[in-house]
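Next come the structures, one after another.
Both of the next two complexes hold chain A, though its partner changes from chain B to chain C.
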Partner chain A sequence: MLVIKELQVSFGELIVLKGINLELKKGEILAVVGESGAGKTTLGLSIMGLSPGRCAGQILFKGKDILALSEEERRLIRGKEIAMVFQNVEDALHPLYPVVDQVMEALLIHGLKDKKAAQRKAMDLLKALGLSEERTHFFPHQLSGGEKQRVLLAMALANDPEVLILDEPTASLDAITRAEIIELLKKVIREKMVLLITHDLSVAAKLAHRVAVLYGGRVVESGATQCIFTFPRHPYTRGLLRSYPNMTTVKDLQGIPGPPYKPVDGCPFHPRCTQRVELCFREVPELKSLGDRYLACHRGGIIPLLEIKALSKSFNGVRAVREVELTLYEGETLALVGESGSGKTTLALTIMGLLPPDKGEIWLEGQKVLLRDKGFYQRVQMIFQNPKSSLSHRMNVWELVKEPLDVQGWGSEEEKLERVRKVLEEVELPADDFFLRKYPHELSGGEAQRVAIARALVLNPKLLIADEATSALDASIQAKILKLLLSLQEKRGLAMLFITHDIALARKVSDRLAVMKNGSIVEEGPASEVITNPKHPYTRTLLSLAADLKEEISILPVDAQRPK
Partner chain B sequence: MHVDYWQEIREDRLGRIGLYLILLLALLAALAPFLAPYPPEARVGAAFSPPSSRHWLGTNDVGQDIWSGLLYGARTSLVVGCGAGLLAGTISVLVGTSSALVGGFYDSLCMRVVDALLVIPPVLLAILVGAYFKPHLLTLILLLAAFLWPGGARIIRAEALSLKEKKSVAAARTFGAGSLYIMARHIVPDLGPVWLAVMIQDARRAIFMEAGLSFLGVCDPTLHSWGKMMQQALEFTYLEVWKWWLLPPGLALSLTVAALSFLSFALERILNPRLRGEREDAGH
Partner chain C sequence: MLIWRPNVVNYIVAFFIILTLNFFLPRLMPGDPLQAIYGDDALIAMTPELKLELIQRFALDKPLGEQFVAYLRALFRGDLGYSYYYHAPVVSVVLGYLPWTLLLSGLALVLSTLTGFILGVEAGFRRGQGLDKLLLTTLMLVNGFPDFFVGILFLLLFSVVWGLFPLGGSLTPYASLKGFDLVLDILHHLVLPLLTLVVVRCVNIFLLTRSSMVTTLGAGFILTARAKGCKDIRVRYHHAGRHSLLPVVTAAGLHLTHLITGTLFVEVVFSYPGLGTLLYNALMVRDYPVIQGVLLILTAAVLIINLMLDLLYLKLDPRINYAR
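Showing the complex of A and B:
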């Protein structure tokens, strides 16, 4: 067992790693993921005792603190009991020796005296790792990237170490070679303690049992791989997953706002975090157990912004919304999909307080909504279905976009003008006086849409309810507006309840998907899960009827046909 | 959605006639001190003189100039009409929009009060109240407005109820706007034309009621009014004077009421899209 306790590594003034606590158990693979510069490689090098920085804390291996050992003692462990596969295959091999000699060298250093035996062993090892016999005598430049990776792995495995550190083992490999290497790794690293350093989440997902997310030299979230990747709780983890192109998630790629990590006080992630509070600027959050994972966040991870609890609403005995339970997290899109008449709009209007609920509760940021005052509407805004009708024909663009500010009694006229211009630019509308003086009937559909969005955004809300906000638009304009909303989500952490009947559209914009039928939520889950593995027949129907570019006409499944 | 109401009224034949008549009457009333040859209460000639170049419409039983009396009577009629119409219209808008917006118990209460007031025959009650108070101009306006507002309030409430369902109002609510803001910013501006129609209607009835009350002699006797002129003239119908004493105020009153009716008709046609479609130049 390898235990890292309160490890801190610094280069001069710069602290690269801080307060790292990790455990490696036998037979377990721990992946350390994060952007470059997070300190992943430094962590690996510190365990090897190769880090050029100043290390504090403890790295306990078999009861001994590696950091406290002398260089001589450390060399005995290094390569024999703890081995590392270095990043960048090009530089890690000596160009002037055949690769088999380089693997042999690793064996000779750690005690094997017989050169012949060592060479045979090295050869066997390379062959076991998938290198053909004649290629073992090749020089590194004669080998492909995948083959070099195998050689490096052979060097690390030569002395059958107990701890293996893999630093980006698949970086710069093509998909097929990468798959082979992953397969190989899975085979050879059983029964070892493995620290897998990677920015490739797919490799982590395939190999690692547990994953630790590193940001700014601190672990911000750690836990079982599947758990972390399916339901990330730290905003940074979610950002990593959203920006990672893969075949599992279906939403459009989104980045993490702000520049990469720079040393700051408080929570390392707070400059880029969209749910930061004042505390985050001052104090570093501790890594606390949350049951299924460890998380370092003052707000307890991504906060549930809107919780709908057992909400019901009926009209003249017709139950439009039945016992709906939904949770919308900060900065995510929850798509609410269903045919017309399924109660989606009623739900939205009830949340907004435009319709009184019969039963049930609505919670916003952990507080029950009892009264919808200006404070509520400052945080929650809505874009109406067919937004043109939500614009009063008596007001021009300036008055329209200013109206929410007027109602809220926000700022002076000059401040309002500045804010209005800014938000118009954000929604990519002209902000000149000419445009400000236009009336709704002088606007095109797309422009009116943007004005409606600008009105909803001018108060800087945390939650946006978009009710079929783009259904009246051309696909090309719709695409632009959705891109716009997603980029605002990325920038501001805007949470969106995206109401649509179009599951193909929902797939592109949502993190989670809820399917509504006859007023009830029949299925809910991560968008990718619902799309690829629909559980409810109604979801399957919606999916089979969703827009595609195939020639055949989709037929309604028998079990989903409407009663005649 | 932008309708130029003035333009529409001018294009409507009846509306045009009504508008010009009202403008003419207003001009005559406003310029009464300059146009009238004598002060209306002064005895300036022999009693019952027939029309002549000195007295265009002759004189009455005490030698007052009838033409002057007619001009000053127009002032009263128009002031009462405009005043009561404006006041009643404003009360209608306040009550109508607030009960539409607030709804619930308040709405029921307002509407029951309106119902109660509507079943009272206003002329009868006005006579009763008038007989007690002998109302002067201002009190007369207040009295008439008090009887006139309920009808308008119902119309305005119905209109406000439909305006309130507009998406722009819902949007304003989602910015946190209260009922007062919505009333002032969203409902009342859109009520404009209906308000105008209600006010013209109210004015027409006010003028008619004022004439009626004066005719019955329950108003302040010092008020120069067409109704009073007719009442006084009626006593002397056995003489020739009714031709220039009784007829002119009656005609003037009819013209005023007709002009306002024409305006109402025109406005109704403009406001009601189904009637609008019948116009020859539909599509403009």
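Showing the complex of A and C:
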């Protein structure tokens, strides 16, 4: 067992790793993920005793503290009991020696005296890892990237170490070679303690039992791999997943706002976090257990922004919304999909307080909403389907966008003008006086909807309810507006309740998807999960009828026929 | 073997060009080629019979092409001309001096490269630490001095002031030593000139090795070696040093000419009976055949050593073969 306790590594003033607590058990693979510069490789090197930085804390291996050992004692452990495979950058192998000699060296250093036997063993090992006999005598420059990776692996495995540290074992390999290496790794690293350092989440998902997310030298979230990757709780983990291109998630790629990590006080992630509070600037959050995982966040992870609890609403005995339960998290898009008349808009209007609910509660940022005051509308805004009718034709752009500020009694006229110009720029509209004096009938459909969005965003709300906000627009303009909304989401952590009948559209913009039928939510889950593995027949119907570019016409399944 | 053939061809071509230049230069000079070859002084004492013999010998009465053929033929017979100063064929004069130069410059080449390399490896490995700083400063200082200056300095200190080593020459004259005593005597005379050359010549190698080490130590395979559990010394020489050797070997060829000119100067300083002293004396008395002969031998030596280094490089770096 390998236990890392309160490990801190620093280079002069710069602290690269801080307060790292990790455990590796036999037969277990722990993945350490994070952006480059997060300190992943430094972690691996400190376990090897090769980190050039100053290490404090403890790394206990078989009860001995590696950091307290002498250099000579550490050398004897290196490559014998703890081995590391370095990133297959082109120079990880010595260019001037045949690869079999390099593997052999690992054996000779650690006590094997007989050179012949060592060479035979090295050869067997290389062959077992899939290198052909004659290629074992080749020089590194004669081998392909995948073969070099095999050699590096053979070198690390030569003395059958108990701990194996893999640093980006598949970086720079093509997809097919990568798959082979992953397969190979799965086979050879059983019964070992493995620390897998990678920024490739797919490799982590395929190999690791547990995953630790590293940011700014600290573990921000850790737990079982599937649990972390399906339901990330730390904003950074979610950002990583959102920006990772893969075949599982369906939403458009989004980055993480702000520049890469620079040393700061408080929570390392706070400069890029969209839900930070004052406490995050001051104090570093502790890594605390949440039952299924460990998380370091003052806000307990991504906060539920809007909670709808058992909400019902009927009109003249027709139950438009029945017992709806929904949770919308900070910075995420929840798409509400369903046919016309399924109760989507009623639900939205009830949340906004434009319709009184019959039953149920609405909670905003952890507090029950009792009355819709200025504070509520400052945080929750809505955009409607038809901008031409949702914008008053008596007001010009300036008055339209400024109106929420007037209502809230916010700032002076100059400040308002500045704010209005800024928000117009944000939605990529001209902010000059000429445009500000335009009336809605002078605007195109796309421009008008942007003005509507600007009006909704001018108060800097946390939640935006978009009710078919783009369905009246051309596809090209719709695409632009959606990109805009997603980029605002990335920048500000804007949460969106995205109401649409178009499941193909919902797939591209949403993190989670809820399917509504006859006033009830019939299915809800991560968008990718709902799209690829729909449980409810109604969802399957929607999916089969969604827009595609195939020739054949989709036929309405029998069970989905409307009752007449 | 096929692979390095173009390389050898290059050297042969280069050598041929040098021969051609050596042939044409005296003949391109204005006036009598004999005068150009032998100089004014030698001609004053010349009888008409001798002059006629020389004209025949160089085929000066024949067209240029035949003269060239005659020149090449003479060369392949080992005939570099006749020195009227020494009253002996140039070849035998040069051969009398050559062994001492070979001994001195050969040992200087090996020892300076070895010293420079080892110091470079150790300093590069301890970059920025005391030893590195000390070596760097000292050797940079030495680098500023010309060979002969260091030679004179050593001569003054070790021979004149402390009397530890002989003042000059390669042997104790008239001592008729034999066997081991002779070897000791030769070494005793060799120490100072050799030391001078090694001290001055190792600086370039040192600087090159050091910077090469610094780059190499940052390479991934060094980390791999350390992760394997290699001892420091093995990392330093087997891994980093071996890799740092490549540019050093390349540069050794380039510095060779400096070593040879350096040897010539140092020989003069220590009156060491090598080609340098011979050349110096020949220059003093304008013994042109000897000068030409010495220069030809030296260029040939430079070419041969460069060729050997090229072949060595092929052994050192397996990637060269592959790249062709």
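Operating definition for what follows: the second predicted complex is superposed on the first by the 561 of 564 C-alpha atoms of A that agree within 3 Å, B and C clash if a C-alpha of one lies under 4 Å from a C-alpha of the other, contacts with A are read in each partner's own complex, and residues count from 1 in each chain.
Just so we're on the same page, contacts are C-beta pairs under 8 Å (C-beta built on N, C-alpha and C of every residue); 3 or more make two chains touch, one makes a residue touch a chain.
Computed from a prediction, not measured in an experiment: that's the story for all the values here.
Asks: Using the superposition on chain A, tell me whether chain B and chain C clash or fit.
Replies: The answer is fit.
Asks: Now for A:K313: first (chain B), second (chain C), both, or neither, which partner does it touch?
Replies: In the superposed model, A:K313 contacts neither chain B nor chain C.
Asks: Once both structures sit on top of one another, what is the angle chain B-chain A-chain C taken between CA centres, to the nearest 10 degrees?
Replies: Between the chain B and chain C centres, as viewed from chain A, the angle is 130 degrees.
Asks: Classify the contacts of A:K416 with the two partner chains as first (chain B alone), second (chain C alone), both, or neither.
Replies: Neither partner.
Asks: Go through the superposed model and pick first if A:R210 touches only chain B, second if only chain C, both, or neither.
Replies: In the superposition, A:R210 touches no partner, neither chain B nor chain C.
Asks: Check whether A:R394 is in contact with chain B, with chain C, with both or with neither, and answer first, second, both or neither.
Replies: So A:R394 only meets chain B here.
Asks: Which holds for A:K374: it touches chain B only (first), chain C only (second), both, or neither?
Replies: A:K374 contacts chain B only, not chain C.
Asks: In whole Å, what is the nearest CA distance you get between chain B and chain C after the fit?
Replies: In the combined three-chain model, chain B comes within 60 Å of chain C at the C-alpha level.
Asks: Looking at chain A, which of its residues have contacts with both chain B and chain C?
Replies: none
Asks: State the interface residues of chain A toward chain B in the complex, per the touch definition above.
Replies: Interface residues on the chain A side: 349, 352-354, 372-374, 376-378, 380-382, 384, 386, 389-394, 403-404, 407-408, 441, 452, 455, 459.
Asks: Applying the document's contact rule, which stretches of chain C touch chain A when the two form their complex?
Replies: 219-221, 223-231, 234, 239, 242-243, 316-319, 322
Asks: Quick one: which bits of chain A touch chain C in the complex? Just the residue numbers, please.
Replies: 48, 50, 75-80, 83-84, 86-87, 89-96, 102, 105-106, 109-110, 139, 141-142, 152, 155-156
Asks: Looking at the complex, which residues from chain B come into contact with chain A?
Replies: Going through chain B, the ones touching chain A are 1-2, 166-168, 170-177, 181, 185-186, 189-190.
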